[in-house]
Each structure stands twice: as structure tokens, then as C-alpha cells.
Amino acid sequence: MSAVGSLPFVVSMLLVILGLYALLFKRNLIKMVIGVSLIETGVNLFLVTLGYRTAGVAPIYTYAPATTVRVLPTPQALTLTSIVIGLATTALLLSFAVLIYRHYGTLDVSKIKELRG
Amino acid sequence: MKTEMSVIVRTITRCVYPLILVFGFYVIMHGHLTPGGGFQGGAVVASAFALFLVAFGTKALKGRLNPHLLQSLEEIGALAFLGLAFLGIGTAFFYNILAGSGSVFGGAVPSGPNPGVLNSSGTLPFMNWAVGLKVMAGIACILVAMLVGSRKEAEE
Amino acid sequence: MTALANHAPVLLIAAPLFAAFAAPLVGKLGERVRMAFTVAIMGITGCLAGLLAATLYAQGAAPIVYVLGGQIPLPSGLAVPIRIMLEVDGLSAFMVLLTALVGIAAVCYNISYRRGRSGGAFYDSLTFLLLAGVFGLVQTGDLFNFFVFLEVTSIAACALIGFRTWRNRSAEAAFKVMALYTLSGLFVLLAVGLLYGQHGGLNIAYLASSVRGAAIDRVALALLLTGLAMKAGAVPMHMWAPEAYGEAPASAAMVLVANSQASLYGLFRVLFTLYGMSIGTTAIGWILIVLALATIVVGVTMALIQKDIKRLIAFGAVSQIGYMLLAVGVGFAVLATRPAFGLTAITGGIFHMVNDIACIGLLFLGAGVIVRASGTRDLNAMGGLAHDLRATTVLFAIGAFALAGVPPLNGFASKLLIYESTFQLSPVLAVIAVVGSIFLLAVFLRVFQAAFLGPRLLRGVTPVPVTMTIAMAFLAAVVIGFGLFPGFFIDKIVAPAANALWQGQSGYIAAVMGG
Amino acid sequence: MRRALLTAAFLLVAAFLLFAAAEMRPFGEPAVSAMDDYFIDNAQIDVAANNVVTAVVFDYRGFDTLGEATVLFAAVVGILAMFRRTREDER
């Protein structure tokens, strides 16, 4: 059945790697926040893919189709939690970026270093 | 900085705003029956606030979105959630005391696929409402604080 | 009383959470009401911590398991725990006591520290959130729940670091630390995901019983170690720590150190309880030892060249994390052969945690008083503060000497255990540790001389409010008490914690899984 | 020098993550699902909820949700504190 093997996991990890790249090598604070956000998305995607069962339907009984294969509910709950945590993190990071901009008038990491001396 | 968008955007916002609110409240209310729940519904409602802020700018702050009220609402939502978790302390923290008790919200549901009963699942709908209130007020609070904070930039 | 004792683990998290949620609302009634409220809740929390520890020690070695939303750990006929559990063993109880100690000192100090400044309700709220997060972190028996509390502490900590919004370095430090904390949190989450995908459970005891050291398990271990070591502030990812401790307000800096120690607790929990013997303990133990030595060396040498008093203490705090990591690394390296000095090393490392938090906390609080009184952080601009701040001078001296490991004080008691045991594994380790301590003593002698002795350089020094002195005196009493009667405290609270690591894995698993 | 170290660390972590993903079990075939099967089978009995995910979020793993609400609360308080009005004399 599993023609795709572990490809979905690899794809979500690629997203994580992309985010890491942005976080480590970009000089703009907003781009770094985007990097963090990308890593979060990658990890969330990874969690959701963990819960899939081939040909499964959502584990909700209201007007559910008559099948017994349902995907696992726990990863969905975990992902929900981690999405909200990601939202909180991103919001706080962005507000720090606004504060930094207020102090230095720039979002470039290397320029901030120069200004600080 | 121009705080208001064009008349088209404002009119459309006025039309769509109540619909988004209704949808958000629906998602919160049916959290234990259909996909969704307190967080998702709260986020939908908050997106209506976001639309409002985008369309009307800081004008929206006057009267409609009072940051102090929002903050208090968020705290009340958080306290309500904590209180609901405390209800079950007779057995254990987070024990669902109402589920299957036969009272107003304790109705049992038939096993397997069914149309759903709104007053079921014990404390779950209350928790959905508490979290929904918390999330909508919280996100709105973040949006307002950031708007005011970044507007200060433009002035300075 | 028994009902209260039964629910103590969760109440210990719920009480600070309640304080955090309600503080801004209560604050609307006035500043004094809010102060009384925070002090009352912290008092209750402290009593609960004592009650929990007393209950655990009374029932012997078996951990306390608290199932959230249910009664029994395992539903009949199932081999996987389905609900979140709190599991308190000797080490958790020790960390709970340590956190309560820090919390009491911080809240007492805050009464006058934050008076008349903006955002007092936010500050109290964030402090309680951080405390609640640490309480959750050290008690939880569920790996995903651990991640959630890790994030609670991250966000509260970063908001506290950036709290002085008018300082440009605060915002910068907060951004940097937040990015790093998030990264470490996501590493932990990724590891949780990997373990869940492999074993289909999230409970630490369940995972510990099913981890066999397969490739995925090892990857998860590496991610967990990286994430937690990052958050504890070990070299090579230590650069955030001095900025964080240096920029945070004094009482928050102390709680931040407790937070770092909670991450260290997580590291120990993962190594000893979750993995234990299923991995090559010697190799990982030596990795920890090398990291620890690097942390000591970097912390001490960087402390030597600092001019800013808070950053200097911060580097001291980094070096102390190295000592704990060193001791426990030694313990883990010899876990397979189990010589007696392994247990001694772990005992020393854990004892050093509480000693470190008392001394570092005392120093940070003292530095807060100094900065508040003199209006500068620059050591070269200070001088002769002993004329005006008599009590602070004595208390700061106690903290500084204890941290450097001068004999009658508590730092010596734990460092002696560390030296003894590391010497038996390899004399080089002990020598580096001793040299580090000597340099630290030199650093703090210089600070003491620069800030307190000499002619009076500053005029119009602000007097110290009495609650701030009480908070410092409380910590100083801990420092002296632990220094004078180390045997008593090791016997009562440190030995159960060390045993929980050294041979507690099977008990930890059995408490949930049965048999 | 710094950049080279950073690149090396990045490449190491990337290779590591890809290795982990490739080692995973095949997609769509959970290795152990006893816990989740319990949820699917018993959510309607234990919690009387049709939506199993909500049952997990608010009942079986309700404590996580409390933590998550706490995180959001902390972020809101933090952001409000960041943009608060400060007094001139405390600077």
C-alpha cells in the first residue's frame, strides 16, 4: 500500500531544514522570524503525517462515512497545541523585532551590531 | 500613515464582518461535534477583528475594540478554563464531571456515526467557550497592541 | 490533609497559574492588594511544595503518580497509559523544593523592587507563569506535556528579559534568546514526534519501558540532548545566557537560573530515566564531561574580563551549570559498572544545584540592590558602597564566597563531593574543576573590592527597602545552613534525588506500568 | 571562520534530520496504535463526544491544553508589557 514510503516525513524535514537555513544565514530579523515559523510548520507537518492511516477518515463521528479506518487523533491534538504555541512565539518575536526597530531604526543584524559598537 | 482603506474595502468589511463572527461562534459551539473547537473558532473570530483593524485602522479602536476590556476578557477566559478543570478535583484535576451524568450537558451519545447531540460531552462545550473567549480576546489584544506599537514608529 | 496531599502535585502548578491569570485583574484594585495577593499565593505554593516533599519522603522510594482526569494510570487491558500524568520522584521533589525557594525569595524581593514602576502587574504575572512552568516541567511524567511547559517557561522568560523596554540591548537579548529557546523547543518536539511515531505513546515511563536503542531512538536522544543542553546554557550554545541573565531584572534573572536548572533536570531525566542503560552510557557520559569542562572554562574566563556587574555574575552562573553537568556526566559515564563514586558524583551535582541557585540568586539580588542604589552597572564606576549598604555588603560577600567554594559555606560542601568523585574517574577533571573555582574566587574578590571597598565614590545612594534585604537574608540563611549541616540536608533531600537517578529507573517505570 | 562553522553545523543537522526521516516507518502505517485506538473506540463512551480530537484535546490531554492556553496568555501579557507606557523616572 505504501507506495510513498517515508517520503512525507522527508518532505516535512526539508521544510525544517529550509527554516533552519533562513534562521542561521539571513541577516534580516523578519526573515529570521519567518525561518522560525517555517521550522514550526515543518514540525507540525511531521506530527500530522505521523497520524495518517492509509485510506483513513477523520476521527469524528458526526455524519461519518461508514468505514472503520480512522486516522489517529493524538497527533492532531498535539499539532493543534503546537500551532498555538507557534503563534504565541511568532507574535512575541515580532514584537521584539518592532522594539529593536524602534531603538536602532534598522532590522539588519550586522548594522545593529555596528550601531551598538 | 493612512489608517483607513478605501470605501470599497470598508463596505465589504461591514458586510462580511457579522458573517465571520457567526461562523466563528458556530465553530466554537459545535467543537465537540464537528471539526473545530475553541481555538479554531476563537481564531476565526479574531480574524474578523483583524479585518476590521486593517480596514478602519486606528478608528476601529474607538469604542469597538477596547484593549483593557479585551485583556480582562482574556483573563476571565483563562480563569474560567482553570475553574472548569477544577470542577473535577473531587476525583482528579481535569476529571470530566458532567460527562454521562444525565444532567443537561451529560447526555449520552449513540455509539458509531450519528447526527450528534448538541448538549453532550459534559464540560467540553464549556471549555470550548472558555478557550474561545480567551483566544479571540487574546489575539485581538495582540493585534491592537502591535498596531498601536507600530503606529508609534510612524509618528516618531 | 490527605486530600490536599493527594492533589498537591497539580495544585502546585495550578496555584501559580491562578496567580498569573488573576494578577492583572487583582491589580486593578490597587498595587498593595496585588502585592498581598502574590505573597499569599506564593506562601500557599511554598506550603504545598513542603507538603508534597514530606508526603513523598514519608512513603519511601516509590514515586507519587497523579493521573489528570482519571483515577488509575492504566485502563484495564491496555499496555499504554492514555492520560497525562504527573510523576514525582525524589529528583522531582528536590526540584520542586528548589523552585519554591526561588519563588519565595523572588516574590519577597519584588514587593519593593517593582514598587512605583510601570507594568507591575505584568511583571508579577510573568514571574508566576515562569514559576508555574518550572513546577510543571519538573513534575510532569509526559513527554509532550514536558514540551508544553518548556514553551511556557520560554515565553515567560523572554518577556521578562525584554521587560526593560527602554534599554536597546534588552530587546536584542530577548529576540536572540527567544529564537534560541524556540529552536531548542522545536528540537524537543521533533524528538517527541519521533518517539511517538516509533512507540505510539507519550508517557515517559511507557517510553522508557519500550525504548531499545534503535536508530530512531538514538536520533531522538541526540535531538533531546541538543535542545535541552541549549536551553540549560551549556557550551557551545551558551552565548544567550549572559545576555539573558544580564538584561533581565534582578529577581527575574534568579528565576531564569532556576529555569536553566529545570532544563538540566530534563536532561538528567531523559538520560537516566528515559534511556538509562539502553544506550552506550560511557560515550554519552564523556560527551557531557567534555561539554561541562568547556562550560566551566568559558564561564570563568569570560567572567574575568567583564566590567558589567550583572554580566559578570551571569558568566559565573554559566560556569556553575558546568559543574552540575560535569558531576552528572561522570555519574552517567560509569552507570554501567556502578562504582560507588558514581553515586557520590551525582549526589554532589544535585546538591550543587540548590547551592548554586541560593548563591547565584543571592548575588543577582545583591547586584539588583547595587544597581538600584548606585544607578550604574559599571564596576569601575562603583566603589565604597560598604559605607552605605552595610547589610548588602555582608550578604553579597556570603554569596560570592559560597559560589567560589570557600570552606564553611555550602558551595564548598557540594564542590568537595564533585572534586572527590571526578578525581577517581580522572584526576585531570578534578584539577580543571578546582582551578575554575580558584579563578572564580579571584573574580569575586575583585568585584567585592571594586564595588564595596575603598573610598565613597557615589553620593546620594538610595537606601535599601527592608523586603529586599529580607529576601537576600533568606537566601543567605540557606547558604549558611546548607554549609554548616551538609550531612543533614544531603541525607534528607539530596540522597533521594540522587538515588532516583542512580537506580530509580525501574521504580519510575513500575509506578505507572505496574509490575 | 564563524560562517564556516555555522555552515558545517547546518549541514550536519540537515543530514541528520534527513537520515531520521528516511529511517521512519512507512507513511500511513502506524507502528503502535493502542493508545489511539482506545481513543477512537472509547471517546463516545468516556466523554460522550462525537469529535474524538476534541475529546483528546480537552479531556484525555486537557492538561496540555491548559498549558497551551497558558502559553498564549504569556505571549499576550508579554506583548502588552513590551508596548506599555514606561515612566521617565525609571529609565
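A, B, C and D are the chain letters, set down in written order, and residue numbers restart from 1 in every chain.
Here is the rule we go by: contacts are C-beta pairs under 8 Å (C-beta built on N, C-alpha and C of every residue); 3 or more make two chains touch, one makes a residue touch a chain.
Source: prediction; values computed, not measured.
The most distant chain from subunit A, with centres taken as the mean of CA atoms, is C. Chain pairs A-C and A-D differ in how many C-beta pairs are in contact, and the one with more is A-D. Centre-to-centre separation of subunit A and subunit C, using mean CA positions: 29 Å.
Look at where the CA atoms of subunit A average out and do the same for subunit D: the two points lie 10 Å apart.
With each centre defined as the average position of its C-alpha atoms, the distance from subunit A to subunit B rounds to 23 Å. Averaged Cα coordinates give subunit B a centre that lies 36 Å from the centre of subunit C.
Counting partners per residue, subunit B has 33-35, 37, 39, 71, 75, 78, 82, 85, 93-94, 96, 109, 112, 114, 116, 135, 142, 145-146, 149 as the residues that reach two or more other chains.
Among the residues of subunit A, those in touch with two or more other chains are 16, 50, 58, 60-62, 74, 78, 80-81, 84-85, 87-89, 91-92, 95-96, 98-99, 102.
Multi-chain contact residues, meaning those touching two or more other chains, occur in subunit C at positions 17, 21, 24, 68-69, 144, 148, 151, 155, 158-159, 162, 165, 190, 197, 202. If you draw each protein chain as a dot and join the dots that touch, every dot ends up joined to every other dot. Within the complex, the subunit B residues that touch subunit C are 71-72, 75-76, 78-79, 82, 85-86, 88-89, 91-96. Residues 1-2, 4-10, 12-14, 16-17, 20-21, 24-25, 49-54, 58-62, 70, 72-74, 76-78, 80-81, 84-85, 87-89, 91-92, 95-96, 98-99 of subunit A touch subunit D in their complex. Those residues of subunit D that touch subunit A in the complex are listed here as 6, 9-10, 13-14, 17-18, 20-30, 33, 35-36, 39-40, 43-44, 50-53, 55-57, 61, 64-65, 67-68, 71-72, 74-75, 78-79, 82-83. Considering their complex, residues 44-51, 53-55, 57-59, 62-63, 65-66, 68-70, 72-73, 75-76, 79-80, 82-83 of subunit D touch subunit B. Those residues of subunit A lying in contact with subunit B across their complex are 58, 60-66, 80, 84, 87, 91, 94-95, 98, 101-102.
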